[in-house]
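Multiple structures are listed underneath, in structure tokens.
Next, two complexes with chain A in common: one pairs it with chain B, the other with chain C.
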Partner chain A sequence: MKGFKPSAPFLLLLPAIIVLAAVVVLPLILSLYSSFTPFRLTRPETFFVFVGFRNYLSILSNADFWWAFGRTVLLLTIALNLEMLLGLGLAMLVEKATRGQRILRTLMMFPMMFSPILVGFQFKFMFNDNIGLVNNALQSLGLTQDAIPWLIEGRLAFIAISIAEIWSSTSIFAILILAGLLAMPKEPIEAARVDGCTPWQTFRYVTWPFVMPFAYIAMTIRSLDVARAYDIVKIMTDGGPAGRTELLWTLVGRTAYSDARMGMANAMAYFSILLSIAFTVYFYNKLAAARAQIGAEW
Partner chain B sequence: MDENASARLTRRALTVAHRVGLFLAMLVICLPGIWIVLSSLRPTVEIMAKPPVWIPQELSLDAYVAMFSGIGKGGIPVLDYFRNSLIISVTSTVIAVAIGMAGGYAFARYRFRGKSGMFLGLMLTRTVPGIALSLPLFFLYVRLGIIDTHIGMILAYVALNVPFTIWLIDGFFRQVPKDLAEAAQIDGCTRWQAFWQVEFPLARPGIASAAIFAFLTCWNEFALASQLTRSVNSKTLPVGLLDYTAEFTIDWRGMCALAVVMIIPALTLTYIVQKHLVGGLTSGAVKG
Partner chain C sequence: MATVSLKKLAKRYGNMEIVHGIDLEIADREFIALVGPSGCGKSTTLRMIAGLEDISGGTIDIGGRMVNDLPPRSRNISMVFQSYALYPHMSVRENLGFSLKIAGAAKDDMDRRVAEASAILGLDELLERRPSQLSGGQRQRVAMGRAIVRDPDVFLFDEPLSNLDAKLRTQMRTEIKKLHAKVKSTVIYVTHDQVEAMTLADRIVIMRSGYIEQVGTPDEVFSRPATHFVAGFIGSPPMNLHEATVSDGKLVFSGGDSLPLPGQFKSKTSAGDKVVFGIRPDDFYPTGHGLSSGGETEVHRAELPVSITEPLGNETLVFAEFNGTDWVSRMLNPKPLKAGDRIGMSFDLSRAHLFSAETGKSLRI
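Now for the complex of A and B:
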């Protein structure tokens, strides 16, 4: 039997495609369908009732949803930018160190080993208003007398969550940017110095463009699982107090499993999937552009 | 002399500032971990003490003993959780790496139409948040009867890891010069032989780190596991952590002890792969 002969790369990629189709794409199609139904877990027959865009329309007019959406984007913007800056600073500090590079690098990766849920518990413990490390330290140092309600007051809780998120993910940026700094040829820097550049100019016009692709790799990797924040928020505040730290993902989880409104939750989930995809595609394109800028072949 | 002296002074000040900065940064990074270890060794009274006890008065392994002593004696079925975690993580890692090797090789060695789009497409499947994926998976698994089983979790984790193992392994195969395999083929190897005898051994350290990375992802995953597991049949360690929480109270000491049990394998493995991991992620960055 001659005729169709699949090419080698297609055959090699086939297992990956099959697995992803079965475990990711197929369920997503199912959830896309159910987002058009009023499906409730407790009433299976509702799975076959078609209501068109009703779920989506009621989401659009749902203030809680838009607050959660805005909060998610805000958290990601703050966290990713600060992680980037802190990671850059950390990488440069470590790169300058003359001794103990290996041990410093290992220490730097320390937070990467922590499961996000562990990060959540750990910071919940540390930010506990009564027995937490943070309040204890502030009180012992005499900076404050009161127990600061870190996880109980909405704004403070948001800050606490951002800190946890930044602590857990800065090292990804640091380690990748460090790799960029170490891979960088030394001649251009020396040439810039000889030509009379200030340290700032050297950094801005020589080091930074070279390190940029590495920073975008870190961004792409991070945006692949921005939803890690779900674990942290779920544990630290569970969206509380009174929904003040509710993110898209915790809202989806609550709607699906506590309220058992699967159809509605799936409709919300689609918004969060689109958000993740938007972030990833954006950084992926930036990465390609940054590569092109330093003259690499794609 | 003034100029020399002031230059020397500035230099020394900069060195000191650098050291201090480095020390503070490392302190912030390590402190939460140290605090966890310390808390797991201290009695609950001391953790809860007000005003706080800064210098540990007594250290003991009670929390660990209690944890392993079984249900009813203040313990949780930690051995079951550990076994589940291990079985699920190891199996799904092996499968994900096998699939990743095939896929990574295809991306590193062949040119084909829609390559870039395909790569991005594979990556995008990874962006689906665990919680969003868990809803339809939960529904499907209940229908198929594989909810709360090892098979179900393994399947989910393979899919979770494949995009990333492909990315990493693709990077490692790119670092192996094409000419080597071509030379082997000229000498009479088939492409299959050339792969196993030349390219695979050279990329092996990288593939090992991809495997460890996949393992850690499974080991630490929570969003999917918390919805797809129900009992000791398949609950993993991250889900087991929740056993220490009650409605209004949390057994901090017990939880810290379990956290230490979870973190030690992760710590060891990460230390082993740290060097290779970065190489794989970034090898595509400067040379296409």
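Now for the complex of A and C:
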């Protein structure tokens, strides 16, 4: 071992490096590699067959995959926008409250305290066409005679899932936007009122630009979340009926474990990560721009 | 045409009353200064006029129209806030032009007015910056600019110069005066700097813990203060105010020293009355070094020890000991003095003030 004298910092960091390599880097490399093989869990020897980009190419021509991809983007778009609108509304209402604001803030965070699995079960029950709360309520109110097949018809199921997603995560937006509203100096709003703004103009030109960065923080967090949306869908519809609510990650899960085609699933997963990254980068840039706009010092 | 009239205007927070039913008539194009100690309700009054604060009682009329229930945007006012209140996400240029943009002004009209305001306030180099990149004084100038680009009926200023350095403040004071002559709007100007109030205002309103103590021209409030409080508040250095008892043609102070009772108050007091005697530093001076040396009608002279002096160049403030405390006097054409010197002092009693100790009201009519 002459001539090789690792420096002390390197030696001290070595254990951490080894652990990290073992639990993160190695699986990453293996999974990336397996996406270039026809690896099936049932036939271990396929792990060693290198097929180059064949998995990726077949993904590109796989209609199911593109449907799931499109649906995921659609869910992201719908859920994030509605969550932001609802969260904004909620935050502004709570900010107006002169009494019991702390209680309201706590209540607002409630949905965040539940595991997505539980949320999935709860909404599955509520949207059940026979015994579900929703149909019961609609029928009792006389709004409809028939049992609406919420989780059975493809489009309705998508709506039901979106509602569950939105219910469980609007509070993230509400909390962050509320933080923004509370941090906002009140004087510019008063100045705007004196300068001739209607309440809407005050919101549009003064409040919103200030709160926007906070909304983008929530967006960034949520874009990571929804792009890996799995649990709620898995529980409520399991991608059904007939794959009509299949999202990227439920498809990946099914390909990997039900079909046991691990190589293909990994290829899909790597492809999907690109989507996540794209969304995150997009919102992150928006956030940076919005922060620069208000001259934020954080 | 914008008169402003406050009738029985009151403000309560919960059951704490901050402004107690004040009445004030402000004429069109008048420049009114609102002065008073911190926390006396100046900003609150101004904010009620602006419509930013609900009115708990009484009415506000602007231009003859009751505005109690009108939102700020319908009152045609502009306001400079004590804390600047700039829009943090807009450049200086956008800040200045914002109200015009909201009002839907034409682009070239807007540019012209912004350019005018920025020239008056020396903001030309700063137009593209954001408020966070400005110093306190620069922000204050932007806030001023934002108010003057418009052409409102009433300007409301809440201590607009408080963060400027002395030189800039004097300069801006002149600009405000010029501006007022030019725009012909009514101005309500809150300040705690009495020099500003005296130099700018047509009339001064002196407030104290939610009440108006006196309304009058700068000369009136200076030479005929209605109350003991106003007397002590207006004028720098402040008037010497000391409690005394009227006794047999004399004012006897608590320390035992006495002064003759000034002639004009003889008929207004009787023996045993508790009063507050007030004399301005200008009317109490080392003999031969006063403003009106020679022309006085009623002078009391006394030999007093000097305790300290504050030379100011063209004049010196001399603190002379009388009745066991320091009385401040203004010495013109100063000559060197040192602590402990005994010096002949003149009290110009014809210009002295007397206030009732009980009500604080002036006994002069």
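Assume the second predicted complex is superposed on the first by the 268 of 298 C-alpha atoms of A that agree within 3 Å, B and C clash if a C-alpha of one lies under 4 Å from a C-alpha of the other, contacts with A are read in each partner's own complex, and residues count from 1 in each chain.
Here is the rule we use: contacts are C-beta pairs under 8 Å (C-beta built on N, C-alpha and C of every residue); 3 or more make two chains touch, one makes a residue touch a chain.
Worth saying up front: this structure is predicted, and the values here are computed from it rather than measured.
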Combined model on chain A: chain C and chain B, fit or clash:
fit
Which of the two partners, first being chain B and second being chain C, lies in contact with A:P188: first, second, both, or neither?
second
Quick check for you: in the superposed arrangement, does A:L224 touch first (chain B), second (chain C), both or neither?
first
Would you sort A:C197 into first (chain B), second (chain C), both or neither based on which partner it touches?
second
With chain A at the apex, figure out the C-alpha centre angle toward chain B and chain C and round it to a multiple of 10 degrees.
80
What's your read, chain B or chain C touching more residues of chain A?
B
For A:L93, using the defined touch cut-off, is the partner it touches chain B, chain C, both, or neither? Pick first, second, both or neither.
first
Which partner does A:S276 reach: the first (chain B), the second (chain C), both, or neither?
first
Which of chain B and chain C A:Y205 touches, first, second, both or neither:
second
In the overlaid three-chain picture, which partner chain does A:A68 touch, first (chain B) or second (chain C), both, or neither?
neither
So if I take every C-alpha atom in chain B and every one in chain C after superposing, what is the smallest distance between them in Å?
6
Both chain B and chain C touch chain A at residues 294, 297
Contact footprint of chain A on chain B as seen in their complex:
18, 21-22, 25-26, 28-30, 32-33, 35-36, 39, 47-52, 54, 98-100, 102-103, 105-107, 110, 112, 116, 118, 120, 122-133, 135-137, 139-140, 155-156, 158-159, 162-164, 166, 216, 219-223, 227, 238, 241, 250, 252, 255-256, 259, 262-263, 266-267, 270-271, 274, 278-279, 281-282, 284-288
Given the complex, residues on chain A that touch chain C span 185, 187-188, 190-198, 201, 205-206, 209-210, 293-295, 297
For chain A, which residues are in contact with chain B within the complex?
7-10, 12-13, 15-16, 19-20, 22-28, 30-31, 34, 89-90, 93-94, 96-97, 104-118, 121-126, 130-131, 133, 136, 139-140, 167, 171, 175-176, 178-180, 183, 213-214, 217, 220-221, 223-227, 230-231, 249, 252-253, 256-257, 262, 265-266, 269-270, 272-273, 276-277, 279-281, 284, 291, 294, 296-298
Chain A-facing residues of chain C, complex:
50-52, 71-73, 77-79, 81, 83-89, 98-99, 102-103, 130-133, 146, 150
